[in-house]
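Next come the structures, one after another.
What follows is chain A paired twice: with chain B in the first complex and chain C in the second.
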Partner chain A sequence: SRPVSSPPTRRKAASRTAPDQTPESEPSSKGKAPSAAAAAAMESVEALVAHIQGLSGSADELAQLHGLLKQADGDALRAHSAGLLPFLSHLHPGAHSLGYLYLLDSFVSSSANLRAHAGGDLLVTVADFLTSCSADQIRMAPDKFLNVCRVLKNEVMQLNAPIRGIAPLRAAVRKIQTSSEQLTPLHAEYLMLCLLAKQYKAGLSVLEDDIFEVDQPKDLFLYCYYGAMIYIGLKKFRKALELLHNAVTAPMSSLNAITVEAYKKYVLVSLIQSGQVPSFPKYTSSTAQRNLKNHTQIYVDLSTCYGTGSYSDLETFIQSNAEAFQTDNNFGLVKQVLSSMYKRNIQRLTQTYLTLSLEDIASSVQLNTPKEAEMHVLRMIEDGEIHATINQKDGMVSFNEDPEQYKSSEMVEHIDSSIQRLMALSKKLTSIDQNISCDHAFLMKVSSSDLQMYFSFLPLCCPLLFSNKCE
Partner chain B sequence: LSLSGNKTSKAARILLKSHNLRGQNPRPPTSHRRRSPPPPPPMDLSAVHAALSAKSYSAIATLCDDLFLQVASRGVATDDWPYAVHLLGHLYLNDLNSARFLWKTVPQEVKDAHPELGAIWKIGQCLWNRDYAGVYTSAQAFEWGPEISDFVTAFLESYRKRIFELLTSAYTTISIADVAHFMGMSEEDATNYAVQNGWSLDVATKMLTVRKQKPQTNQKLDASKLQRLTECVFHLEH
Partner chain C sequence: MDVDCEVSAAAAAAVTNGLGGGEQAAAAPVSADQLDVEAYAAQYSGRTRVARLLFIAERCGVEAIQLEALRMAHDEARAREDTVLYLDAVLKINSRLGPRYRHDQAWVDSVNRRAEQRKEKLETELNGYRTNLIKESIRMGYNDIGDFFYAHGHLSEAFKSYIRTRDYCTTSKHIVQMCMHVILVSIELGQFAHVTNYVSKAEQTPDTLDAVIVAKLRAAAGLANLETKKYKLAARKFLETGPELGSNYSEVIAPQDVAVYGALCALASFDRSELKSKVIDNINFRNFLELVPEVRELVNDFYASRYGSCLEHLEKLKPNLLLDIHLREHLGTLYNDIRHKAIIQYTLPFISVDLNTMASAFKSSVSMLEKELAALITENKIQARIDSHNKILYARHADQRNATFQRALQTGNEFERDIKAMLLRANLIKHDFNQKNWPGQRKMNL
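Now for the complex of A and B:
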């Protein structure tokens, strides 16, 4: 390893420290006089720090450093983890990320250390590291990185200040992701902090990417569930439904609690968004299809009641089951379902009538006065939920066609980008299909006669299979 | 903070001494006393003040959101955060969800100490409850501080414009009284405003007839679209 440079001025500065403080009388950060073993350990940590400073340049050096760090990990670092914190100030979180990570991970893995520094600037140190670390370096030790993030999350939760973890974790997700299509365990933790801190818009930055790679099913379920809750908070019900749909239809061999909760919200959001709950698509797991409704009976009953179109009946049903909805933390959403009833009934009128008096609207949807009906229609026009105009002179409402003619260049752009997205998706699907048909496990499962039939169709759809590209 | 500073500096001094003996040298400390990172600087709100002076009001909400997260991650106490400006920033964009969530996270002590914040929230409540006239009365009822009063005025102007556009698209005929109510103006002022925008007045029935705006749609297509269409057809063929 390269020797660390030593300008002479530093020696002078060091000698100006108080002469009466000797190592023997000086308490270590643990409060006891350092023993010979501890001093030796400090020595080895110093040596390690020197290595980190020297070897954080090129990829080869980093590989060598990584080996040294892995050797040191374990007794050398963990036994004396309490004394590691001051060493961190010798290192730069951006340039020496790998080494910094090892020391930091060792330090925060001990709950004694965390308790000793609770409320201090340890969290700021961790936050700074997460924001400024080098993505290439930390990806060499992903488990340690995840551990440090988890500790940060737990600490901010203990301090009852989830907002403190949002900016650092947002940076951390981008550092550990190998591509924007990869789902990491950090996604769900980040979304949870956003929900707790009520920073819903902050959650959007992570939800905008399409996810194609998932390692752990639990990550996916939590990501879909928390992500849907973020969208619900922002009243983006259509996007919430997409995520809830994924959570409900994902492959599963046994029912899990996240899916059950997701289904409850799925029912409620479907009612708000489109007035009905769609049936399970064919690709839903049989476990979900058979068991979900049994665990969510009042929600199924709610959707039946909603279907009758009567505001008062629905209100009564909700009152009598209020406690159950409260326990599920869904009461707010249920109230939104109730208030969507007026909107739904008015929208239904547009299918039958071209014009209707405000009085008739009021009586038809069970509102008290024509003025109330007018205010409801106005609100729906403001929110873009209906195309109508109100004629106060005659007390009439005219229901209009959607004025969008799909001819404007904005609309063309929109359709265009959707087509591009679909084409990219289709290409991705083809390549996944090709990979599966090369997969050993798949070929083993398929019987030989099926295989013959399969191969006879194959040249038509997967020409690449017969080249050397398949591995 | 000072306690942990002392502890680390003592450890640092042993370090210095021991390094000295072995001939290895640490990075030069910025001062003799401190090894731990310097205390976080007080909140840097210059960007917010700059946006306010430049009257770029639509940018305030995003600016405040990002800055708030940065400040929070450094553990700085947020009692002096300009919540009123932040909240008004959301109302300016008609982002009532963000406004509601922000209000929910403000600690009660801060709410009590800053009546201006409560007054902004009252406006937000009127917006949420669609109390169209209440927005004006609550905005005009409070004595605003110098920095925020321009912002409030700008907000009211943009709100009035938005409501007028809503009335234009939602109504074919509407009574003068209602227009005055929605616009927070006297009946005379409301009538003049409407007539200036091309609406016609029927004095006998006190009704205004709305003049609809023809929507401006851009329908120019250019040659690059042809390329895209080709790609699309090619993809479908294969």
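Now for the complex of A and C:
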């Protein structure tokens, strides 16, 4: 690291700039001669830069640097933020992440700067920073980091090129997370970009991690909603349902628009997945239980109509409410609900019949011709939704039992890995439970008689926990 | 009910067309023609006789029987001086029976006048007793007023009067008497919740009750259960009714009715072992069943798996049963239940059943039978699958091993999903809790 020099003059500053930048480029871009104050400000910035370069080594140095940066933050940096950009080239985004971040954040906080550099290399600079910055350093100033990311997102949206933001933001999410179980505000932004760019698989990498820590409930709602939309795009309805379920049943004291939209999709995906909408579990907040249905009346009506099992009724209902569904951007999902009704009816037939003629299938499922019935059955066989064979000569379909015998080695592996996963989860649950029972606030709230009851019921409620302990 | 017995279907249609009047199906040999109105009415006494006759007149399709019933109702009402029922009967007769059965306003007025006078007399007496504060007389006073109202068809006033005696009952005999009165009026009013209430009140009296009264209470309880659609309980109550009932409760129910109601409810709701122990081997109930040999036959047929003949008997009885004031609404459900039970029991012992044989045993067509079976399978009452191509029903024994694996994996998945959601929620609540306690602390805010 270079030694700290005495307050440099203009020329010295110029000698340390990169070869492709001349001293004249700075003031000339302003169009007027710098005032004395500006010169002094530039000098302090240079001092700052020097500090950054010098103090980015160990943790102690970083702490000191952080203090200095916080002092400089405010007038010193913001007032002359326009001039900060060139200084960034002195710094290495990986080694000097903290300082880089402060300068960058100052720069992008001014919309004038952004407009001036719109479409230029700014995007590349920010993207590079995000991908190569050091996680430890930027975690010391999370607010600023998030601000920079948000600016990036806004820029790519303005440029109508959301795909450019995907890679940097994905890196950013990983860097700012303290653990893979933590939800950051970036998750929602990232998922939104993936949705807009239709890069659903990219969203998966972030969605696959389970989230257990949430700092801001608001982040959760958006995360769940966008995540569910990505899963819906990939037709993984079960996982979509999990996320939507979390959004709908999260504790909340007042209803928010995201939850209302999430509930609408929840109804539709439930119908596709299992043919009915489950009632609210008892841990749902009372706000949600009382008010959600009022805001989503046509969806509730849709699910009642679905429950009657009549395809034509459902079709008429959808047609008459098509506009409402379109405004909610749910029409595609609604059409999937409609086609799922045939599937459900055919699946019900497999439970009752061993063989059935195509004509009978067509009439009981309300299709028009046996040919259509054949097509539907064929498609379902291909998708693996039912096990059957079609005998075209007789016009008969034989329904077979599920051929899975649970004897193959893949199945054994699958069962084994499930068991491991669940045991890990169970251990986690035990440890959290132990933490809570040692918590001061908890113990204060629980009177001694309740405590006795609590501990005596514990073995009954959590047999899995205790069986783990006995292993 | 979709039993293909053409004859009975037409008869049933004829009967249910009740208010239609003259146009009945000509081919209805097994129909209400067989109902001997006089004999039927002779089983009952009191107000229920008139009520039942009016009911028959209303529901029966055959004009001859209608008029016969109305005539008897009219005479009875006139004899009892019950103006409410009399007016009802006259309205329905509609001058069809000749001059004697026309609306006689003069008679109505004179009856009403006499009734008014009697009422005033009773009320003054009662007031006298009340000022004297003699409990027993007050009680008897209220009873008399209740009886008076009941006789003249003012049921709700009768009900109120009887209820009032409650405060003045001193012995358990009084209480039982009050309960019996209230039960009677409640049955007529159709308020069966009260009936159940007062039956239990009466049964709870500390003194042992007379056997006849016990039997009456059981029959009343059974009736209440029947009307509130609790068929299994109704069956139990009817089966527990002792033969001491005889014709002692003719103002409510006849012993033949006990047999019919009890048997039908039992068939519809009991399983085989209960049927055997409580109905067939029940010595007390045998006395009742002797009164209605057809019903006895059909119970035996059901137990012996002669379902075809059992269902035939049921169909034969149907038109007359539809004229029964208490049974009518429930007949459809009961018959359906019995038929379903028969089908389920038929298929139980077999691995495979040829639908053609079964259809002939149940006297129905194969396609109708197939539909019924499909419905029962969907409701999970039969564990089987239909081979529609060859028209065979195969019993299906679930593969326990596979089912267990499936369930285990599913439970694991659900556990995982629920626990993860729960941990997330716990974290959210903790965060909320933290924020409430330390408002100064801010986390990552955008």
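Criterion: the second predicted complex is superposed on the first by the 417 of 471 C-alpha atoms of A that agree within 3 Å, B and C clash if a C-alpha of one lies under 4 Å from a C-alpha of the other, contacts with A are read in each partner's own complex, and residues count from 1 in each chain.
Here, contacts are C-beta pairs under 8 Å (C-beta built on N, C-alpha and C of every residue); 3 or more make two chains touch, one makes a residue touch a chain.
These numbers come from a predicted model, not from an experiment.
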{"item": "Touching partner for A:I163 - first (chain B), second (chain C), both, neither", "value": "first"}
{"item": "Which of chain B and chain C A:K428 touches, first, second, both or neither", "value": "second"}
{"item": "First (chain B), second (chain C), both or neither touched by A:K282", "value": "neither"}
{"item": "Greater chain A contact set [chain C / chain B]", "value": "B"}
{"item": "Contacts of A:N246 with chain B and chain C, given as first, second, both or neither", "value": "second"}
{"item": "Partner chain in contact with A:V412 - chain B first, chain C second, else both or neither", "value": "first"}
{"item": "First (chain B), second (chain C), both or neither touched by A:K445", "value": "neither"}
{"item": "Touched partner set for A:R115, first chain B, second chain C, both or neither", "value": "neither"}
{"item": "Residues of chain A at both interfaces, chain B in one complex, chain C in the other", "value": "394, 405, 419, 426"}
{"item": "Residues on chain B engaged by chain A in the complex (per definition of touch)", "value": "1, 4, 7-8, 10-20, 22-29, 32, 35-37, 39-40, 65, 68-70, 72-75, 97-98, 101-102, 104-105, 130, 166, 169-175, 178, 205, 207, 215, 217-221, 225, 228, 231-232, 235"}
{"item": "Interfacial residue positions of chain A with respect to chain C in the complex", "value": "142-143, 146-147, 150, 184-185, 210-217, 220, 242, 245-246, 249-251, 283, 348, 351-357, 360, 394, 396, 399, 401-402, 404-406, 415, 418-419, 421-422, 425-426, 428-429, 432, 441"}
{"item": "Contacting residues of chain C [partner chain A, same complex]", "value": "374, 377-378, 385-390, 394, 399, 401-402, 405, 409, 412-413, 415-417, 419-429, 431-433, 437, 443-446"}
{"item": "Contact footprint of chain B on chain A as seen in their complex", "value": "4-7, 9-11, 13-18, 21, 23, 26-29, 39, 42-43, 46, 50, 83, 85-86, 89-90, 117, 120-121, 123-125, 127-128, 131, 161, 163-168, 170, 197-202, 233-235, 375, 377-379, 381-382, 388-394, 398, 403, 405, 407-410, 412, 416, 419-420, 423, 426"}
